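Each chain carries a letter (A, B, C, D and E) given by its place in the written order, and its residues are counted from 1.
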Amino acid sequence: MSINLTLHTSPEVPLEAEVLCTDKLIGLTGSEIEKLPVEHGNRQVSVADFFTVKGSPDDSISIEGDLSKVKHLGAAMASGKLTISGNVGSHLGAGMTGGKILVEGDAGDWVAPEMQGGSVEIKGNAGHLVGSAYRGSPIGMSGGEILVHGDAKNEAGHAMRNGIIVIGGKSGDFAGVNMLAGSIFLLGETGIRIGAGMKRGTLVTMSKTSMLPTFSYSCRYQPAYLRMYLIYLQELGFSVSDEQLFGFYHRWCGDAIEMNRGEILAHDF
Amino acid sequence: MSDNIKTVKNATCTFCGCVCDDMELTVDLDAKRITKAKNACVLGRAWFAEHTIQDGPAAMIDGKEVTLEEAIEEAAQVLTSAKFPITYGLSDTTCEAQRQAVAITDFIRGSIDTTTSVCHGPSGLAFQGVGESTMTLGEVKNRADFIMYWGGNPAESHPRHFTRYTVTPKGMFTPNGKKDRTVVLVDVRKTPSTPVADIFLQVKPGKDFELAWAMRALVKGHKVDSSIENETGVSLEVLEDLVQRMKNCNYGVLFMGMGLTMTRGRHFNSGAIMALAADLNEFTHFVAKPVRGHGNVTGADNVVSWQTGYPFGVNFSKGYPRFNPGEFTTVDTLSRCDADAALIIASDPAANFPQAAINHLGSIPVVSFDTKETATSKLAHVAFRTSTYGINTGGTVYRMDDVPITLRPAFESPFPSDEDILTPLRKRVQEIVIGKSKAKGAGAGVTRAASPVK
Amino acid sequence: MKIKSTHIDDTFAEAFKMWAARIVITAETKQWAMAAATSMTGFATSVIGCKCEAGIEAELVAEDTPDRRPGVSVLLFAMDVNGLGKRLVERVGQCVMTCPTTACYSGLESDETVVVGGQLRYFGDGFQISKKLRDNRLWRIPVMDGEFLVDERFGVQEAVGGGNIIILGKDSKSTLRAANAATKEMRKIEGVILPFPDGVVRSGSKVGSRYKSLMASTNEKFCPTLRGLQDDSLLDEGINCVLEIVIDGLDESSVEQAMKAGIYAAAKPGIRRISAGNYGGNLGQFKINLQDLLDS
Amino acid sequence: MSTSTRILNGKVYDPINKVDGEIKDICIKDGKIVESVGDDATRIDAAGMVIMPGGVDIHCHIAGPKVNLARKLQPEDHRHDPHPGTPFTRSGSGGTVPSTFATGYRYATLGYTTAMEAAVTPIGARHTLEELHDTPVIDKGFYVLLGNNIFLQQLLKEGRKEEFKHAIAWWINSTKAFTTKLVNPGGDEPWKGKKNSNVSDIDEKPNSNDISPRQIIEAFIEAVNELGLPHPPHIHCNNLGHSGNYKTTLETMRTAGDRRAHLAHIQFHSYAGELGKNPTSAAREIADYINKHPNISCDVGQVMFGKSTIMTADAPLAYMLRGIAKGKWVNADTECESGCGIVPFSYQEHVYVHALQWAIGLELFLLSEDPWRIILSTDHPNGGSFMNYPKLIKLLMDSSFRKEELSRANQKAVNKTLLPDLEREYTLNEIAIITRAGPAKCLGLNNKGHLGPGADADITIYDDQADKEIMFNAPRYVFKSGTPIISNHEFCQDHDGRLLHVAPAYDETIVDTVRPFFEDYYSIEFDNYAVDDSYLHDHEIIPVRN
Amino acid sequence: MSETMLLIPGRSNKQGTSLNKGKLKEEYLEVTSTVEMNEDDMQRLQLEDGDRVRLSNSIGEFTASCKKKKSKDLPEGMIFIAYGPSSSRLMESDTGGSGMPISKNIEVEVEKVAA
């Protein structure tokens, strides 16, 4: 049986609850979990002040309620499964190394920044800086998967070094900015300046996207590897059409300002 | 005019980030006003002339006059009972006051942010991403033979920038002043600054990043397609010529305006300019600098940085500083309805912020410090009327290039300075915090010495 | 035992432990996938002379390949992991990478792997790109028609080489017919290949030779022309043609299934006996008794 | 609370007073060490503990414009190392460039009670003083950068030595500095004015009418000597970090003749080998010279593996390192006074050059015969954070630990040094010298670095432990000016600390000589330049020698 | 009749000087609620100096009086206003993880307000 937490009181100010994470709860009883500290603004309170805890711990947690003011859920998670039925606040899964987080609703800014492994799936929309580096840090996400079925805002995959980010809906500006490597799939409409400063890595866009002057056009072709990825995205529940799967892609190389070893593959539709 | 006149030489104008310290003020001590400000620009003259003493209470609670002690007590209670208090403003006050404000925020475990976040905050983020080759303004005066302003209109925002620091002054290696320099301006429109430029690039709105990026590519020897003209409004020929001039100059300077930070792209726009300057150092000496707005916004950056490690957007709710612009910056903490009390010092978010933020500010207790009535002071629960820094009170301010200057006040104000109130407020806040921690029996708040380095 | 008129010898095929890899080649069309596979499996009849044995295992329809293009599955066998890795690099590099439109994937899941794409990537001269999908690293090597995509590592596993049946017939015509019938059935079995020309070998060999430099030489006991000279010839009178089918498989059971299918298919009129090759049981790790394969 | 304290039963290491591990009472009254105190004094039983004077850091970068730029630059470095506050003490951020409060408290947690910021531009003095005011517990001062001051160089070019001396004194008074600092003397002008070039030789003149680095160094040594500053010019030699630079370093020391000079972070200046190629060690050559010349003192600038921040007034050096680190880079030119460069950096055991630098530092410690003149430093944060000091002490005191660490470093590098053969182990008394008594003496701080009557009651009490890293990492008690700051490993009080500065006399007319130059070439008003006394907070003027 | 244009709030001398008199004073309020428009744009929208226009977007709206600028000084489709309470009404509160709301180059609908 898994643990189920239900938000019974809405936080007035941000509630920081990095303790609500599979690895940190294993081996605790329900009443021990209730006593764990969370921070309501600058006050330390306990889990029970905001959540009803049911069930006994194994490696999965589910949390219910409008958690849009609840931050740092699943931060540094290494294993197990965290399911959030509702919206969730920022820093979800920050720095996680493994396990799986599933959000049924929307997520705030900084979804899984600097994550190293595992997977985060957002059924709704995500905010800015999905899978990014925190400010000043040269390396963002370095492994794992972030799957956003809805929209995402600016700087998705900022300084990403490895892994996969998929944005099913619209994406914001500067997707894949300063990317070091990895793959970002933008299935919906994109923002501007995608791939700015990218060193290596792949950005795939299914919509018409303007290219920065430092990207140079190479060719129109059918990259075999891309199909494998797109098939994988289909398996993950993203809608990929046959035209996208079997179609042609324009290859742009860049960013010339950096190593010029990255690519943007733009679907030719 | 009375006979009670004094002259203050080498006084400092703190209106804008130029922080010109060569003011010669004629002060009518009886009238308590500055009748003449020699060397001041149009903005500086207004700054000095308009800061007259107007009657009014030094402290009010909900619009009613109270004693300073009562107001300080109420402010301390409001701030220490809040769960997510925010401190904001600080760019128009002294470093001494700023230091107290950070201390208060530390003790109340709040968030501290300055007007930097809605000015050159994005340049601060860019700085953390790419670094910056930069300089004090005297280097520009002495050495710069190539100066480029990007996205700014100093003639109206910093009227003496050209004349005192950059374009016209004669310096050590620029004995002929402007004749020894090439001046370039990049803007979306012509402004009163345009005439100073030898070269004016009219960039299409929102295309600064593309333009800077293309220039970086040219500097690095990459080809740029001629479609750049269509994209940015600037032809490839012009760009190539410009880049050649930049590579060939002896000491090049890029000044960044808020046309970069306030538009789509924000920190990446400033970052592109900083990176361009850094790139050019492969060929010659090149520096860049944001043209900062308020009189001591640079001091605010410095104080918050040395006390917390981060320049703005800092939160103490966990008992130590954390930095995250977009989360702990004021527009965000207000418009997301996170903040439950606000300490606003020398700024007017109720007038300048997005509507959602203003709405929330109106719904929480606000403690305000201002020299005049403002939209913010009008909605404040506790409102302090304070004296004007640089005119009535001394202290330290930092010019936009981080050069600190000591102020020479002209005449006394009946109102206390920000520091005069913030210092007892800080003491009272600390007393309350110590009292609360003792009540909790938390070992009098003792912390262990650092554990050994692993 | 007899199947119809064909006698099944009470003997065993002696098979060896080998290492195998499955190579999935896809291409724009079946033609090009097959071209790469044919080229790759060329000159790979016997480890004795070719250092590896390889053959086409099956054709794959687009739905079954990683990139949804038509494909061919090839099995390649060598005596050890190291050798197998080298052969793969050579053959994938020379025969698949060179072939228009192809991509090349590992077709075995195994803990034991050899580096293939990870070596071939250097052909990309610094322009190669690595991608990781499901913990699997792929290399994209720029080539003149686009990109050659190849798995960094190929799974390898222990396998069985040298399974065989020997068809002893009255004349060439009937023996060939039987051999053809046998190979056709045997190819339907998953996990096996028949490395010799169209699956059949006539130059069955024994270990050693009177000449020092030769490891193997003709198996005179099965040579009809030498029956008169050999006291211990394994041929009866009336056997005038002998053909062998060698089977390499991913495991013993697939080799057995193939042998069984071959035996039943080859047991035709004109085929006197079906036997198997062995070395007295001293060399190979596997002894596959023909009698055990037959339906009781 | 009683203002007097008696510490009993501790093993005392007080090299200045020739106390080497004796069990001895230490008495404190009104912030000073005294012969004895009354029976009403607070008693602290230090049985099983080691008592030393508070540590003195002779060379670190902890406050001022460049430090603050480096702080702002690296949120990623602070984030993982927060410094929580208490109702009595302020919070802060750690990392290689901690916030001011964290800096003060963390020095205290190592038993250090005095630290000297080693490079401040005159125009940045006011800023530095503000930061130092916000740096708690420790006493502190700073060295003012004058080695690339254009006005002073003009005086030298014109041979105006007397005015030069007075101008130096004026500058020190105007900034509240402790001594003069030279960084890559003569290198700023080619860097700023000649397309990022540099001087490469101590006798090089960038232009025919220029003066050479040697002339600048010589003039400073002479002038500071005549002014009688308690600490001689603090010199960061030319060619820092370059292969073969030990020759420049030797020449710099020779330039001093038999006059006092302090060479900063000498490890970075002890490289043999050919320019542009990998360096080898010249620790032997450098140590030999120092051993034979009692007028020279130095601090080591030990490199410690891990994260560091390069921050230096040597802008060309930072630019060179930018090419290696390939990350963010800060350059900051200060009009008429200095350059500056900042590069986040990381020293890695497996990298040849880094391992060699690490080994050379240790060689220098172990080859130097007079511990009084070889001061422990990491050039914080250039060679690594000061938080590494306990580990460095263990490396010096424990040869088996050193060998273990050595075995992990790049073998090609360490085998090119003498380090594998050096068996010397520092004693506690020697550690007390290189971390306390020595730097206090070099700085001319007569009330620091010892526990004799009259000394400042800056005292550290460690548990006597076998593992010296653990021991030096967590003193059980720290007293600052007689006030207990750490008691039983825990902070019990806050304390402001004092500014230490000098005020040499000068001829007031020098102001009229400086003013016209200043008015022409500076961007602030001359009368707003000198720092007034309001920035001093609690301070002490260290007298000059007559 | 309405058109989409680009609003560029910025500093001006008058905004700066009137600011010092007081942000609640008439002069400042007037300065910060006057927009500069391209002459051709004004003609097309049948606007004269001093006419009132409404500027709006999804965030909010304000009305201001307009002032003609020559084409060479202010490109078509661009509107300048001095920073102030008016311009902030059209600012989005989303800062994109930076703290800075987009405060320049704001797309706005412009229409004449009947006198």
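Note that in this section a residue touches a chain if its C-beta (ideal position, glycine included) is under 8 Å from a C-beta of that chain, and two chains touch if they have at least 3 such contacts.
For clarity, every value in this text was computed on a predicted model and none was experimentally measured.
Least step count on the touch graph, chain B to chain D: 1. Shared contact partners of chain A and chain E are B. Looking at which two chains touch through the most C-beta pairs, you get B-D. The central chain of the assembly on a C-alpha centroid basis is A. Chain centres computed from CA atoms place C at the largest separation from chain E. The centroid of the Cα atoms in chain A and the matching centroid in chain D are 45 Å apart. Centres computed as Cα averages put chain D at a distance of 55 Å from chain E. The mean-CA centres of chain C and chain D are about 74 angstrom from one another, to the nearest whole unit. Each chain gets a centre from the mean of its Cα atoms; for chain C and chain E, those two points are 80 Å apart.
Among all residues of chain C, none touch two or more other chains. The residues of chain A that reach two or more other chains are 109-110, 128-129, 134-136, 173, listed in rising order. Among the residues of chain E, those touching two or more other chains are numbered 96-97. Of all possible chain pairings, those that touch are A-B, A-C, A-D, A-E, B-D, B-E. Chain A meets chain B in the complex at residues 12-14, 16, 39-43, 69, 90, 109-110, 128-129, 134-136, 173-174, 177-178, 192-193, 196, 212-214, 216, 256-257. Of all residues in chain A, those touching chain D in their complex are 133-138. By the touch rule above, chain A contacts chain E in their complex via residues 109-110, 127-129, 153-155, 172-173.
By the touch criterion given at the top, residues 9-10, 12, 21-22, 95, 99, 103, 106-107, 124, 127-139, 141-143, 164-165, 171-173, 250-251, 278, 281, 283-285, 287, 301-303, 305-311, 316, 318-323, 396, 398-399, 402-406, 408, 430, 433-434, 437, 444-453 of chain B touch chain D in their complex.
Partner chain A is touched in their complex by these residues of chain E: 94, 96-97.
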